[in-house]
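To keep things simple, chains are lettered A, B, C and D as they appear, and every chain counts its residues starting from 1.
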Amino acid sequence: MKRIGVLTGGGDCPGLNAVLRAVVKTADNDYDVKVIGFNDGYEGLIENRYRELSNRDVSGILTRGGTILGTSNRADPFRYPVLQGEEYVYLDRSTQAVRNFEALGLDALVAIGGDGTMAASAGMMELGLPIVGVPKTIDNDLVGTDVTFGFDSAVVTATDAIDKIHTTAQSHHRVMIVEVMGRYAGWLALSSGLAGGGDIILIPEFPYDIEAVCNAVKERNAAGKRFSIVVVGEGAHPAGGEMVVDRRIETSPDAIRLGGVSRQVAAQIEGLTNLECRVTILGHLLRGGSPTAFDRILATRYGTEAVHMVMRGEMGQMVAMKGSNIGSTPMSEVAGKLRTVTPDHPLVKAALSLGVCVGLPMGVPIEESLAEEATT
Amino acid sequence: MKRIGVLTGGGDCPGLNAVLRAVVKTADNDYDVKVIGFNDGYEGLIENRYRELSNRDVSGILTRGGTILGTSNRADPFRYPVLQGEEYVYLDRSTQAVRNFEALGLDALVAIGGDGTMAASAGMMELGLPIVGVPKTIDNDLVGTDVTFGFDSAVVTATDAIDKIHTTAQSHHRVMIVEVMGRYAGWLALSSGLAGGGDIILIPEFPYDIEAVCNAVKERNAAGKRFSIVVVGEGAHPAGGEMVVDRRIETSPDAIRLGGVSRQVAAQIEGLTNLECRVTILGHLLRGGSPTAFDRILATRYGTEAVHMVMRGEMGQMVAMKGSNIGSTPMSEVAGKLRTVTPDHPLVKAALSLGVCVGLPMGVPIEESLAEEATT
Amino acid sequence: MKRIGVLTGGGDCPGLNAVLRAVVKTADNDYDVKVIGFNDGYEGLIENRYRELSNRDVSGILTRGGTILGTSNRADPFRYPVLQGEEYVYLDRSTQAVRNFEALGLDALVAIGGDGTMAASAGMMELGLPIVGVPKTIDNDLVGTDVTFGFDSAVVTATDAIDKIHTTAQSHHRVMIVEVMGRYAGWLALSSGLAGGGDIILIPEFPYDIEAVCNAVKERNAAGKRFSIVVVGEGAHPAGGEMVVDRRIETSPDAIRLGGVSRQVAAQIEGLTNLECRVTILGHLLRGGSPTAFDRILATRYGTEAVHMVMRGEMGQMVAMKGSNIGSTPMSEVAGKLRTVTPDHPLVKAALSLGVCVGLPMGVPIEESLAEEATT
Amino acid sequence: MKRIGVLTGGGDCPGLNAVLRAVVKTADNDYDVKVIGFNDGYEGLIENRYRELSNRDVSGILTRGGTILGTSNRADPFRYPVLQGEEYVYLDRSTQAVRNFEALGLDALVAIGGDGTMAASAGMMELGLPIVGVPKTIDNDLVGTDVTFGFDSAVVTATDAIDKIHTTAQSHHRVMIVEVMGRYAGWLALSSGLAGGGDIILIPEFPYDIEAVCNAVKERNAAGKRFSIVVVGEGAHPAGGEMVVDRRIETSPDAIRLGGVSRQVAAQIEGLTNLECRVTILGHLLRGGSPTAFDRILATRYGTEAVHMVMRGEMGQMVAMKGSNIGSTPMSEVAGKLRTVTPDHPLVKAALSLGVCVGLPMGVPIEESLAEEATT
């Protein structure tokens, strides 16, 4: 091996730079291998935009959020959006990517990304590109690994926000609703809700019953606690209802639905309890900032191990944490799947033991609540 | 003097507890005077809800956000909202407040609050209540004092958010819009915009020209900077347009206008530049959290001085900072006024020297831009 | 079960209050059991100082460092230090502890603490006290569990300090030495050293070779990096040398040895490289502050599970994390042992791949270096 | 004007990069003037080490601590230390500096630094170099300006440390001693002591009476507060005693006196009160990290104004804050002087009103205590 490529794809998250630093340092230090970084994920591979990454380039980036390579949502070489006139058409640019890869004389590619990047990479593997994956998502909903870097940082940012909201909630005797990311999985809402001492936690996996939510608020009031904190994952939705989330700002103002669910919940609580509600939507804050120590270490381990895997020829695999050991999972097994919160997960059980309302009637087992809803 | 009362009114802000601690400690330490704290601002005085505050009660609260006394938006004893059936009627409860004050045998009242609390206190003074005011607002828009506690904390929270947003903006080559509080005054947007290195700062005082905003974005792009940070005060509005802000969540979903201006700006930028925008609305985050060292010291000085003023009999006055000296201003001069950002303010000039766009055409003096708009 | 006791022993660490909150809330919510909290660890049980802990008592403590119960280094009822005249004598007060426990009609005790508390609790079990343990240490050196709460918080504080030190090191072209806790185990130095991008990491497990350390500094200088960051665990010591750590301030000034190792290392580097060194000793900072989100969640899970274990009658066990699952380990197996860093630990390997110096000659396998020293 | 130089001298502090950014952006944006940055303060001017600073070079540095130009304690061109054999000799290199300045065709120099840099710059002015000064020091002890950037950041770091120490002090019932920088002036100890709720604050200006200190500790204990926080400026010393501070690590271990005063105080308190003490020395932590919002804004204003002053030809002046206005002071008036804490300063008075012990007998006016000592 002489030269390997690296790219960062999908939504950015804290720790990407730490992976890049570890990849470059390990390649240089252990194997004397050069590293080429592609700009903006697969976009850079397709459009042949890249630069060499030396030790100097990655010096000082460990602590910085984001990615020095840039990233892009145009993550799929097989369905690459290209503007034609006023509209996007989707073209297969995978052969172009392979061609550029070969022209650069690369021996392997380290692809850092989430679900979409792993899917694209599994596809590129079939075209002959030797790829090792590194999992990343602030949502922590990737299968095949116990934990992804970026998640701890996002939980910390969300928890810090909930801490701040707490003092104003108490002073004003209000119901404060904090919306965090998590369209399909509630890990972020559940973890930050537990860490921030949220009273009610609503996640996509458990369609909520607004009356159960309001009862929880009222019970707190009856017990002399004149405020409540509701932590909502953006994909949460009422039993029988639809998800209202959409972070994309459309050009038509009517289409703007930022903070859809949390404002719906707020309006309903105000209507049913006569208490004042306020909404805070953390949105892209959760992607930003310096990675936590935990994420820096995890990202560093991933980056180091990815290079070792490349050198051992373990192509098609994604680095993964399993318990406290580092291992790997085939990228093809990761693509298109989602790790979601189950009713019997320890964090859910802990929440229930503390008396936290997860949006379902208290006392009834969650599985039963969910089953009942499903039949309705 | 034997006993003095204290209350915290209006929107909460970091540092209220630091004032309470300083009031209680100074009263005890320097004068051996007892302190009675009313719950929820003037509401507590009207409804006779209070408790004695000892040294022990204020131990450990210096670092905590919010107010241990609680606060309320029902700040005006002369126009006190009372629910009758389904509707609020506004009653004059000022005599009840005076009666309770006298029944408790209090010698003076320290009223901590913003514009509304100062106005109410000036009114209560006329009914014979001996009051000293302590200014508070995260917006820093109170006249009669150079600075209010809570503002530095809010600027820090906003700046920290902008720092976080920066990394994700850069990685994704997006225009990120961060909305901060400030309905009538742009101090918070201007200060955090400068501290966070915002590229465009929109404040209520300078109605913005969306084309000037888009030009600034495009110029950055042309110079190879593929992202921009726009910091928006919630009361910002287009030249000739109206303010769209309303934090209150109405029970009808149509009425929800949270983040009105920032989403409008986002939609317009997307339309005019074809760049992706994302919106983050900090809202009540800015009221929360532990006060900064600056605010703790300022609040402590205010609390200490307020007691000295009470003991010197300087009733009707509000504690104030003038330069680096502590002084005072009659509460009656504060009520109903607003300190806003002027075109020739040093912070505005500094922003312009850095090349920051404040929403007006570059090159044209701000006064001229504003005059032109006024005539249109 | 009707009433259970709880105590916090040994050095304090972030997350103790989160455990207490979870214990009280779970006992109340799931089992309607009352909780009695003893003051200052086993001291309170021996001296019969306690109070009932209600839901209200634990409200708002999740985010606070330290322990509302207080703690004490007088952790061992079998060897309890009592002042007689000018000197301490060590008495067996275990029977008194049992007597008090029985007089209070308690059904079980939850003992939160480290190595010492687990050892004492294992002893008290033999006297018939039904005890469940909860592991705690910022050093993370307890056997029987993968991770203890408090550790992540300490790593974050240390990493934040190293980040701060970085900027001043760079500006002044200095060698900065940061000393963290860790008398017998290097987990904290190793983790914060990795997270903070330390160039040299010295831990108690690998007696350091000062020439190897200086060579690493010189090599960086030769490569144009005119500063180095050295992270030192307080128990680190030169090959063949002794530990010089002692945090206790003795009344004789000569006996003060605070920051012993780091100042020794600094003096040696200055002597051998002619570069300016500066020392920062984090000491008790690492025990303080609000627990991180990670520690709050871990502590909450531990507290919740401890109550479940009590109710299931699993006495003599300590709650433990094993991978991402919660389990348990007999307290007797934990006492008197230490989990230390091994040469083949993944974190050590990652550090080496990045080119970090761990105080041993580069190129030579660590096991070999250590073996060589042992024979010298 | 076509080209101006800039340098950063003396101990680094948060905000230096913010000044550099403002200087470069303002020079470019308002005047189309080029900026040359010298490396390592006057060292770079003397040794002709420099680089051009473009807008791109200062992009992203606003938030970073330290200085991208580097700094040096070799700040005085008139007494420039040069290694000859084993020893340093001091040479006058001022003519070399002037020669390099002229060879580069510079029209003016912006010198950012503290007392030493202002003194050197005043001297260089006399040799004909046109210089504008920008004040900087984390100690805030410069005359001629109300406030220097870096100070607020240092106060925040110290306050955060005291907050952390608080929780462990309370849990362990200990006396915790926190030492901050400040060899000749107590601003940092006084401000962070007030902001952190310190019980005892010792500063260089008020030589302390150890019995008064111990009495304060004992009184707290008697009142049931079983812990105390002592904040010590490094230059504090007992009445009649000498300063023991020396941050420099000498090559002889005996010479190491890091944390001299705080360890002396600790030993004395342990001896006189029989309470456990612990020492934390913040040292260089206080120079590090991202500047606070306050310091970023102040540094930005200074940088912007320095360029305006250069263009207006106001050479020999130092930018200064006076109240909330920006102004200037002749550099020659700043050199060799020190702004120290006076007994009647508002912060001292506020501390006394709260019952804080400043190391002198309570009840006796400070001026009297000091006078008495002086005569002893």
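Rule of thumb we're sticking to: a residue touches a chain if its C-beta (ideal position, glycine included) is under 8 Å from a C-beta of that chain, and two chains touch if they have at least 3 such contacts.
Remember, predicted model here, so these are calculated numbers, not experimental data.
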item	value
Steps in the shortest chain-to-chain touch route ending at chain D and beginning at chain A	2
Label of the chain whose CA centroid is most distant from the centroid of chain A	D
Whole-Å separation of chain centres (CA-atom averages), chain A against chain C	31
Approximate Å spacing (C-alpha centroids) for the pair chain B, chain C	42
Sites on chain B at which at least two other chains make contact	163, 166
Contact pairs between chains, per stated definition	A-B, A-C, B-D, C-D
Chain C contact footprint on chain A (complex, rising order)	22, 25-26, 29-30, 59, 62-63, 146-147, 152, 155-156, 158-159, 163, 166, 191-192, 194-197, 225, 290, 292-294, 296-297, 300-301, 304-305, 307-308, 322-326, 346-347, 349-350, 353-355
Parts of chain C lying in touch with chain D, wherever the complex brings them together	8, 11-12, 14, 16, 40, 64-67, 70-73, 157, 161, 163-168, 170-173, 176, 247, 249-253, 256, 258-259, 263-264, 266-267, 270-271, 277-285, 287-289
